[in-house]
């Protein structure tokens, strides 16, 4: 199938996913208890005050009218203004996104840097001390909740040894510890996969061919097996990256980073309808886009799948 | 394999290098005050919110015509002086001369008029509009005189002017539809320099501030840190100068550090467990009384809220109108049990205790209440909800049996008491006598006259117990030893950095 | 034997087209070379195939991998119904059966697959595998047990093994069980899809003998599919040769063995190691084995005429004009080739 | 052989640990010295000692008793959310695999949509929708993980569908339902079980994370996640509040992962063989 | 013994796998210079284990060579160090495998996979190595225009080639360093009959030109008959009969060989049941005592159950391991 058709189809699918996700969220947030007008009004306001605010937000209209209105504006790439802060949703998201993006990028890089070499060595030297160490690390990474890891890292490297800042945002130094605690949990997954994938590749027939050709063990393992073993690792890392973009809330909270996750969390707590809707569309879109790119990357890495 | 390891090390080093460079670059700027704020203000428009955090921050950016001093007494601010007509319907304010807004505009009476017209306008949809509902019209006889004409006498009027929502905005920007939410412009001691949501708010000194020589510190940074343990570590390590309202459980840790001092003060909160008096079995006075007997108030105050003064009615402990009724319902679980038996409440009746999950202290208290109520034979189930659910379901629609909350103190008792005794309030407690007393007190002037009315109303509330009155808690501010002069405005609990300085 | 119809199986113009990609999901694998692409990713795996199998005979179907023989087998049994054409088994046109009746009809036709390792559900004991069909036909429990014992006995598996699981048996034994399962419903017609190609040489002979015994014992009709022309010739009464979804030659086994006419049949026959020595002297074998007439090859997707054109040693330009249809060249001997001159030569040479 | 003995010993250890944990969860009222919600307000922050084996928390509740009761929530979260995920996953996966075209596409689109919500965000949304509480959290986690199973089951079912024994079954006239339950389900359960054991571990960690955000178990019900959440503020003051539940959580997750790993090696004989 | 110098001499080779599987039992095999030696056996008979042992790639554990010698050009391969053995692999002894689609690295271009071994063994520059690869392609028929020319193959990934082309490329890889011994492990089993013939012819042709020895492993007697000069039959890890092709097919001595030949379906014998060997091929875990074939042998006698028959030479170059070789008919 020509690449362009593949891309168009995938893109259409992506749009469908986003539309479905945003429609679900649109109705869900209006059905669940909680009302942005009541949040704005606060404790001492009267019912009339709340009604006035509701009218101003437009949440007094029938839900179908609201939905059609929203769809129309989304079609024009306008996510509206936040109900609570009044700022344009798009602007808010775009302001936050680079932070989460940096966090996720560094996180996945650190995860891969830790996991891939360790996973490869574990696979090559199975049941050796390195392997056990790798297993231990990955199990700990999976078992320790990230907020816990984050606090421990802060206590160690921002309080006991003062090399990283305790809070705040700005330069890269603010991202090292959060990325590390984000990356460690992911490293666990990637390490297990790398090891399994490498073990599997090493058991394949072409490895016998490579050895029968008289290649050195290093060439066999690191030239022949490694490349093939990394194909699934890289695709899974890509998907993990997608998760990190939306799943960094807890890390952002612990490290006081003004990322997308916290924006979204506040949005949900305050029932900021427009913000949640915009945020979900954005995150679903980015996530699907990453999946899509990962698919393309996969076909590039794996000549067998290459479309054409 | 060795080579691979080497490569890994190199890559790691390359990755960490920029971090190292940044770390090495020592910043030698003038010291800014670092203040830990637990959350983000939603907006910085004083007329479009009811958020406590917003008003706390806005105190530094805006001024009001009058303001409370450290004792809670209302004193001149942007208004040099004021006078009231004998019928209490005409209020005349004389503005201070030479006050300028951050944008350079001079403060005149037109600004004041525009400000209050904006908040009263339907278009603004301000949740605080009703605070100024008594105003009939505003006159500006000259640039420095403002005259408010009221529909009826209003005792709380001055308090409204002194509150955060009484902040004065420049007329020119109001007319142009300026976005005050993210770019506030006021006459306050500081102007907003930078606001990174969920990260920090940077305030720069206003060099033209009308109080000569104030503020003392050039830059105040409000660091938004949601994680409590980070705040504690921050103040210990000196990365934070002031942390307000630290948890009492953290005090031992903080006190162990010689560079930190703890300032303890009584808040103006009215901590209660509200009861829905319209729902059985809580519509039975005996059950409500039992609940009041069942709670060891001092213990809950100490453990959940960090200590404080027990109250016996619906007003904060230090309020001038406060009257002590604590002897009415002492801690007496035996009596509670009897009353419950008498009222015929069994374990089959489930009482739902709704807690706002974002308020850790209320959740803590709720957990203790549940345990204590269980001990006297009530079946209480906890339900956590987020704030928006609490406010729209519990507060607006009274869908609850029991809930825990703290009512912020008000400059005027009417702000706290208005409406109670009528069914419109969330506790659904019906007592026409109490309601009429409160309504009468609003239009009555003179402290003694009002106090008499309020005494009676508070007594009814204390006896009829639509709430389990807990108390007013202490708050603890942790401050680095070299920082002095940090104030919190009484009743309003806003942050006042004007006198704050480094020693 | 009182059968109402003469033929056990009649296949008429059977065609099976596979559709490429659906709208949402792209087809990931590239279609193997050598299939007929008909635009937009569809390809015709079986193209207007017709033949008749008489009662109590073996019809052999030979072809190389990818020629469509397995697809044909599945289509005949309506496991994957044909795109067009008819399958008539003992007078019943499968196309006309309702979904339910087709299921009931299935007991009369069974299939035995190539790989005994995948033909038995590893999670079921032998007994459970064998009773599945019987339960479908609502046999009583007592009857089922008796029948299973007899079936196992029939194929030479000790009855005591019936509670064991497939992995406890060797390939040959598994294939015996598969045969037993196929026979459990007393079918009249069996499709054997390469039933012995995965077996060791010494086992292969055992299974073939068993199949021949069973055929005799139960008067079965076989459609025997294989890539091994020797095997097919040894077993069958009639043989058809398939190339790229079409039958190119068909006839009584002796006619095919003694007098193969289509160049592809010749190539197949000569390709069997050992045959070339036997046949070499008879004719100019080399040409048909490796030879290819000079000339320009045609890209597969634009090939309109004879699909063997690119490999044919006797091709002519007119072969590209239209697809040759099967025509009679002897008693029951059909061939799809347009080169009359060549055919005449071949027939002359023989006689 | 060395490695098999090591991995089987690990497996044995994991199973023993989980059996003990399960027994403790069932027999919690018998084992626990105190009620898990009883507040000994005079003994707040008591360090581990002979009165309170593992110390007390900020309300003076017995840490040990809370941990024992907490294992109930942990196991319950695992069991219920995995069951939900497996049920949805198998149903959707098999229907998608057996139906072609539009239904398959719609179902997988739906699953993709669930996947495109980041885990925690989806959990928050579901919990906000259903309300706070353990049951709701379990449902949320179940929904979150269902696409993983749906995809796995669909892929497996698609490949099993082409196995010759399924063809043979169809050839014998077995109805679709029978084929699903007799042939397809039993043969894909192996992989489902492996995935389930990993998901089990993950769901316990996610419950802890949700508790951190205040969305998890409702107080005063003890859960390890909730205990860790409360404990983080008393790291220095009362380290026992975090160490023990943290350890229990890690051990449980570890055990399920070990079981998952061992099972997957068993199922993938290619890796074991060489 | 027959004519020709011996290139590879396997003596008493005994290989066990860990859970008590006796895969190869005191195997003896000679491969002469410039001969195609066919090794025939059913699955699990130990033929692949033997060849893997020769090239030194038996995974250990689980495999264990408990005794024996593999003498190649005067050196015992079993005594060589890992590095020495590696230098022999591909250079002196090369291997061609059954399924080219699995035995090529899927993510590396075919040309590169051949080139890298040339560079490694001969230190050839990239350019001259590529030249050599093209030469090899011409040699194996891949240079022909109908395959798109050698350069196209050079830059193709394995999956882009058809089965026949892949097997040709595999053979090109096998002969890349002009080894003295090429082990071909069922090189045509995965191919269609018409392709099989082409590949067999190619191997034959290459042997003629390059004069290397080929150990041709197959389960198919017809294929071996077509290509080999000498044939050895292996049963349950032991050579039971070995002779020149002409001899063994005309005059098989071991009952197993005899029955095997008879069990092949022949169209000329239509209508008569096939001769069969009863029972099944024994597992390596449970090899019968004495002569391993005695459980299936129609000529079995008492001694067969107890004593393992030795491989004895009966005629010139015709050896067999049967107690009654030459007696039964």
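In this document, chain identifiers A, B, C, D and E correspond to the written order of the chains, with residue numbering beginning at 1 in each.
Quick note on the criterion: contacts are C-beta pairs under 8 Å (C-beta built on N, C-alpha and C of every residue); 3 or more make two chains touch, one makes a residue touch a chain.
The model shown is predicted, which means the values in this text are computed figures rather than measured ones.
Counted as hops between touching chains, the shortest connection from subunit B to subunit C is 2. Ranked by C-beta contact pairs, the top interface belongs to chains A-B.
Most remote from subunit E, judged by the distance between CA-atom centroids, is B. Taking each chain's centre as the mean of its C-alpha atoms, subunit A lies 52 Å from subunit C. Separation between the centroids of subunit A and subunit B, computed from CA atoms only, is 37 Å. Per-chain Cα centroids separate subunit B from subunit D by 42 Å. Within subunit D, residues 109, 128, 232, 235, 274 each touch two or more of the remaining chains. Touching two or more other chains at once are residues 229, 358, 385-386 of subunit B. Each of residues 23-24 in subunit C touches at least two other chains.
Against subunit B, the residues of subunit D that register as touching in their complex are 37-39, 41, 44, 58-59, 128, 131-133, 214-215, 218-220, 232-237.
On subunit A, the positions that touch subunit E within their shared complex are 204-206, 208-216, 219, 223-224, 227-228, 231, 301-304.
Taken in their complex, subunit A has these residues touching subunit D: 13, 16-18, 20-21, 24-25, 28-29, 31-32, 34, 126-127, 139-140, 142-148, 151, 155, 192, 196, 199-200, 202-203, 242-243, 245-247, 249-250, 253, 261, 264-265, 268, 280, 283-284, 287-288, 291. Subunit B meets subunit D in the complex at residues 228-229, 232, 247, 249-250, 252-253, 299, 303, 357-358, 363-364, 366-368, 370-371, 382-386.
In the complex of the two chains, the subunit D residues touching subunit C come out as 100-101, 105, 108-109, 163-165, 167-175, 178, 182-183, 186-187.
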